[in-house]
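Before anything else, here is the set of structures, which you'll find just below.
Here come two complexes built around chain A, the first alongside chain B, the second alongside chain C.
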Partner chain A sequence: MIRFVLWRTGAAAVLLVVLSALVFVLQQISPGDPARAYVGGNASPAAVAAAHHRLGLDRPWPQRYVRYLWHALHGDLGISLRTHRPVTTDLGQFLPATAELVLFSFVLALLLALLFALSGALRWPGTGLYRGVLLLAGTAPAFLLGLGGIVLFYGHLHWLPEAGRGVDTSSPTGFVLLDSLLHGDTGAFTDGLRHLLLPGLALAVAPAISIGRILRAGLERTFGADYVRTARSKGIREVQVLWRHVVRNSLDATLSMAGLQLGFMFAGVVIVENVFTWPGIGYYLAQSIPQSDFPAIAGVTLLLGGVYIVVNAVVDVLQAVADPRLTV
Partner chain B sequence: MSAHDLPTPGTARAPGPEPGAASRSGSATAPAAGTAGPVASVRGLSVSLQRQGVRSPVLRGVDLDIAPGEIVGLVGESGSGKSVLAMTMLGLLPRSARPVITGSVHAAGTDMLHGTPAQLRAVRRSRLGVIFQDPMTSLNPTMRIGRQITEVTGDSGEAVTLLGAVRVPEPARRMRAFPHELSGGLRQRVMAAIALTGRPRLIVADEPTTALDVTVQAQLLALLADLRREFGCSVLFITHDLAVAAQITDRIAVLYQGRVAEIGPSAQLLHHPTHPYTAGLLGSRLSLSTPRTGALPTLPADGVPVAERLRGCAYHTRCPLVLDRCASQQPPATPVEGTGVLRACWRDSTAVRDIHRAVVPAEGLAAHAGPLGAVHPSPGGSGKPAADLAVEVRALGCRFHSRSGFEPRHTVDALQGVDLDVRAGEALSIVGESGSGKSTLLRVIAGLTRPTAGTVVLRGTAQMVFQDAGSSLTPWLTVGALLRERLRAAKVPPAEAARRTEEVLAAMGLPASVLKVRPGELSGGQRQRVALARAVVVPPTVLLCDEPTSALDASLAASVLNLIREMRRELAMTVVFVTHDLAVARLMGDRIAVMAQGRLVEQGDAHDIVTAPADPRTRALLDAVPRIDVPAARPATGPADRPEAAR
Partner chain C sequence: MSILRIRRTWHIVALATAMALGAAACSGSTGGSTAGAGGKPPTDGVLTVGLLGDIGQPPDPDIYYANNGTAIMINAYEGLVQYQNDTDQVKIAPRLATSWTVGANHTVYTFHLRHGVTFHDGTPFTSAAIEPSFQRRLAVKGGAAYMVAGVKSVRTPDPYTAVITLDKPNAAFLSYLASPFGPKMESPTALTQHAGTDHAQTYLRTHDVGTGPYELTSAVSGTKYVLTQYKGYWGPKSPFTTVNLPVYSSAAPLQLALDSGDVSAVVAALPSSSLGHFASDPNVRNYFLPTLQSSLLTLNPSRSFFATKQARLAFLKSVDQQKLVSQVLGKRSSVATTLYAKGMIPGGADKQSIGYDPSAMAAYAKTLPSGTAMTIGYANGNPNAQNMAEILVAQMQAIGIKATAQGYDTATVFSWPQAPKKGPDAFVDGNNGPDGGDPYMWGHVFWDASGGIDYFACDLPSVDTALNQAVKSGDTNLYVQAAEEYAANGCYMNLSYNKDWVVAQKWLTGVPQSQNLGANELNFSLLGIAK
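And now, the complex of A and B:
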């Protein structure tokens, strides 16, 4: 087991290095001169040359890559060409909002998935129609769900706010829900929750349906397994049969799917944040792209890619915990 | 149709065992029938189940008593309702089958039909134990076996003791093992340990040895007999093999189409069957004394619709002794004087005895020697020209690695230095326990597994028939499509192909309507026939069979074996037949090769191997073949036990 964890961690590290190399290459082959972008369009050739030297662009590329990797390892992802602040500082400012949205949305997705799985496993008239509606909702893109949600719940019903994170976004940790809870500030908490609900749902529906379908298939398969019959023959209660014997054995594919979907959610958040002007990484990225702010774009890519890799490594380990046969 | 329209009279009560009867043996373990009531009692039980929207009667008025400490065998073909009876007794019928139940079932003092779920759980928890058929799938793969045993009692000390009692080596260490780390035999022992937790009064064993090879089967049977002695529990032992039942049971109930055809003391029933079905089952059993020449005895197939069959005696459509009234009137269960046997048959019991004598050869190694086919030259002698050989295996080795993370954890030599020749037209049986490498050898010959050392030369074309026909046939293709696929690959023109498929189905005894059917809709025996049809529709030079009949009932198995022998004769094929059963190996091969631990330990003429084995491992395999005349698990048998063998 320990060896499996070490092996999986090593594999994740290798993937991260590969990812950083890809990001670096993308940066190199992109058109436009970062030095010129850094000093501005009207700068003198001498100033551009100085910026060239300052940004290390006059050195050969292998050296630049090693430098880039070395700095990245020390938390230095370069200076944003747009904000003229270290990219790490920018990311630190925008990340908590994104993390809060994605985590909230992921928990929502898991709950919805469980609901879909259990309701889908039941047999009642109209199950087919219900599944069809779910499938349709699952294929709708997140921005469409987001816009539809805004039109309905803000435009017509006035139940939920349209955009943003709420009044007070300057909380110490950057996590509005967490801070307001810690300070016992129910007003800020409700406000934060109201702001989270629409973007969270828009982001959660598609993953919830994917995860729910896999979970339902897993549960149905496991319910017919011989060892479930063995468990029943022992005379233990049905709840114990369900929890000890059915659920754990239904998790393998569901865990993979949940991990994949969590990764996708970090990618999908870019669009949802822009629909809801959510001050997170995706919003930051969307502002950096038109300005060719390569260090910022690379930083965001590296961060999201890194999260994706780590999440999948964790899922693999969780699967091994759930099913001991995998590490053999 | 109601499942309850043909109840047996309530007076037809199965007698308890008679400890004093001359036909019983091992009286040290005999239950005291008079001192306590039965552990389980089933009265007039009828069960109908719904499958794919169609309701059909599965049990039709069953009476059965199990006395304390008694081992009762429940024998019948697949579909006879024996598993449904067991599940009903445990209160475990799946709700999805919408069971409709009438009659009464009491087990360990609890009403299993009308008890509350809590009562049923309580009795299952503390009074009943179950051993299921397939140890590979019946244990939770993600739970340590210790936890699976202690799940109910929470007593790990008891669990270690029980693991010791079921002869699991190093029980304390095994507690932390996962099921996939144990062999099939060990897993079935773990199942037995689970069944024994809480000292149950009744253990239901549903075909506990069917998935095991003969050697492990013999061990498990001995274990069950020991456990009965040590723990004093009763056992309901379900099997489709009368010889397996003969090893350990006190009484046997023969179930046919949901009714008890005959029930009585084991020795009595096995040597003096009074129901034509019992006689037929005994006659179609393949043993070491079944004549090697001629067709193997089988029960006639049943092609009559269910509704018609169930009007009178369910067996009347297959019965050699059928009377007019059998088709319209259901025979009641009546006792046979002085034997303790209850039988449901209109014929006189002496009439049945006569057909039994005619069909069943004397047990013991018969002198039916001689080669099977006529195509090949006589066996023996080396230095044959190589062209004569269909399969040539030289110094074959096959090593498997199981990997984990960085480095290989361990290696298994599935085959080591195997040399084997199969002459063109010859039939060779390869025998061995599971894990001996016999299936790997066959797969290497077929080219499905790459050897790590040595060479294999196969002259001509090869086709393979697998053990599990259910999973070796593509589920979404019709039988016709499966057969045409092979013919298209051989570039047979469509008109010719249609004729060939019809021919091959006729040869397999399958109706042409099967062509439009998918494998899932066929029975196990039919599926294996289709698999065989697919293998020979384009006749191969070499037919490779991997335990093609080990999942089938005795009679069905015999008919499939007959087909393989016929096909071999007609198409002049070479046959390599892998089995764990020496009785089958003897019938299917001119020669037998015995494998153990990846090596070929002995090979020679089939008759010689069976009558005069040279290697101890061959002798062990031979001893493990269950025989009706030698009740291995029981002490000395009285003279009344085997008049049949003396004939």
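And now, the complex of A and C:
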């Protein structure tokens, strides 16, 4: 098992290095000029050339790459050409918003998935509408779902806000809901929740369907299993049968899918954050791309790539713990 | 417990979850202004001006050289002079200098300064603040540092007089000072106190050191900027004690926020496709205010399609400028009739004389091999430029040329002057303008390869020479001569004079009076609430 974990960790580190190299190659072949973003639109060629020198962009790119890796290993991801701040400072500012949105969406997705699976597997009456609505929403891309939500719930019904995170309580954790609870500010908590609902739903729907489908298939399979019939015939209460024998034995594939979807959510958050002006790292990335802010782009790519790799590695390890045959 | 009971339990859980979410949705917001649906004026003194996209750079007056962040620059800071508000003519007006004289050879500028002005940290504004402000601008090496690069000395005979001497004659210097990107006066005390190791750049990311009517009290990049009224301001004060500048990532939610009354005003940010919507909205007023901005059409002589002057001029003549501008830009623009921005050359002597005649282009098309391709570019995120490019593409296709329209990121567009062959054959610049109102600032930037936005390096040394001569004396005839010579080369067409389209709630007053053609943003201290 230790060998397996070490192998997974080593592979994750190699993947991150490859990822950073890819970003640098992209920067090299991109026609954009990052120095222009640094000094501004109307800057003269002389001012741009001076900025090139100051930012070290006039050095050969392999040299810049090695230098970047060395600094990255020491926690320095460079200076954002747009905000003129250290990228690590920017990521520190924007990451809590993304983490809060993704975690909220993930919990929402699990809830929706559970309802989707149980309602389908147990054939509850009247839940066809719920499944239909969820499936219909799942067919729409996240940005369309987000925009539709804004038009309906903000523009017409005036129920939910259209953008941002609400009241700023960004201390001590940077999670608005958690911070507002710590401050005992219920108004801020409600406001934060209202701001989370639409982007959270837009991000949660597609993963909910994927997870729900896998869980439903697992439930249907285990519902008919001999050990479930035996448990019922022994007079065990239905709720115990459901949780102990049905749901538990359906979770293996569902956990894999949930882990995969959590990784995808960190990647998909770029679009949702941009639609809702959600001040997270996806929005930060979306603002950095048009200005060729490569230190910022590379920083976010490494962070998102790292999260994706770590989530998948954790899922792999958990599966290996559950089924040691996988480590062979 | 039976299956039925489990179902009932789950139904209750589902219902409770839905109700909790619904309750959160329906409960009121705890933040923001009291302005709301129905477009009623705020009662808490909060004005909300929506920004489309982040300001893009730190709100530091010596660094900032982009677009909508000038709203912060012109409200937190002041320069010695500014452009006159509420006019479409280029006129320099007093700000921290009440009067000035210009030496005969445009080398010595003497300013008489306003009394009773204090910086936001309480330091009195005197002539001693000018040189440190200029020095910091040079030290941080921002894009607009060129504006003070020619300053040889700043003499201060008394606290309210400053004599600025340039190292060579420059008739555009007053325009540099009036520019929204021009040097602003910064508290020498605060600059020293917060200098750190980066000339106070870290401090100025979230604070200001100016004299303007508002202080920058919060700056969260990409999210929101907040200005708070400076109680010690020397000039007029508006009823708005706080100005929120929330950032919207796209036009649709910003438009909805304006519709609902959550946003009080939007300045030059909404696409032309929204004109019809707001024209018929009784709760808002639309203002079309003059600017120095234009839509430009630039042709690429480095590409074989436009390698000859004849081909370029034939294409420019095939552009139905009147139709293109009215069809795409509507009321927010008018057809450009001059080579420089409107009002730069008195009397419009810089007339643009490209008559509409599509026959020359049709004849040129016949000389080209069948299936000849060409590309017309536009900047991504500018729907007006895209529409114009697509219309021009359709015209080219109608005469048998395989034309396509293609969008480019801003960073790519700005890389073309170094490698014009990598650019498209033509580029529609939906909205661009100079740093200030002097014709040199237009000609040098757009026509001179050393200027910055001569996209395809279509450069004529004789034009550069004429511009460099003209800036020494301010000779209008020389500027006109340079413009006519450049236009005859066929690389350039001024398509339209663009206006700042401001959409504001009906209760907001003083909008035209708070805008000038150089700033493209509003001076919030001059706004009011209708009684």
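Assume the second predicted complex is superposed on the first by the 252 of 328 C-alpha atoms of A that agree within 3 Å, B and C clash if a C-alpha of one lies under 4 Å from a C-alpha of the other, contacts with A are read in each partner's own complex, and residues count from 1 in each chain.
Convention: a contact is a pair of C-beta atoms (placed from the backbone, for glycine too) under 8 Å apart; a residue touches a chain by one contact, two chains touch by 3 or more.
None of these values were measured; they are calculated from a predicted model.
By the touch criterion defined above, A:227 lies against chain B but remains apart from chain C after alignment on the C-alpha atoms of chain A. Touch criterion met: A:249 reaches chain B, while chain C stays clear of it. With both structures placed on the common chain, the touch criterion links A:128 to neither chain B nor chain C.
Looking at the shared chain after the overlay, A:184 reaches neither chain B nor chain C. By the document's definition of touching, of the two partners only chain B reaches A:7; chain C does not. In the superposed model, A:237 makes contact with both chain B and chain C.
Taking chain A as the reference chain, the count of touched residues is higher for C when chain B and chain C are set side by side. Residue overlap on chain A between the chain B contacts of one complex and the chain C contacts of the other covers 237. Chain A makes touch with chain C in their complex at residues 30-34, 36-37, 39-47, 50-51, 54, 82-85, 90, 93-94, 111, 115, 118-119, 122, 124, 147, 150-151, 153-155, 158-168, 187-188, 190-191, 193-194, 197, 237-239, 242, 274-277, 279, 283-284, 286-287, 289-292.
Contact residues of chain B toward chain A in the complex are 90, 92, 120-126, 128-130, 132, 134, 137-143, 151-152, 178, 180-181, 191, 194, 197, 402, 404-406, 409.
Only residues 1-3, 5-7, 10-11, 14, 17, 21, 24-27, 29-31, 37, 53-54, 56-58, 60, 63-67, 141-146, 181, 201, 205, 220-224, 246-250, 252-253, 256-257, 259-260, 262, 380-381, 409-412, 414-415, 417-419, 422, 434-435, 445, 449-453 of chain C touch chain A when the two sit together in their complex. Residue ranges of chain A in contact with chain B, taken from their complex: 3-4, 6-7, 225-227, 229-237, 240, 244-245, 248-249, 322-325, 327-328.
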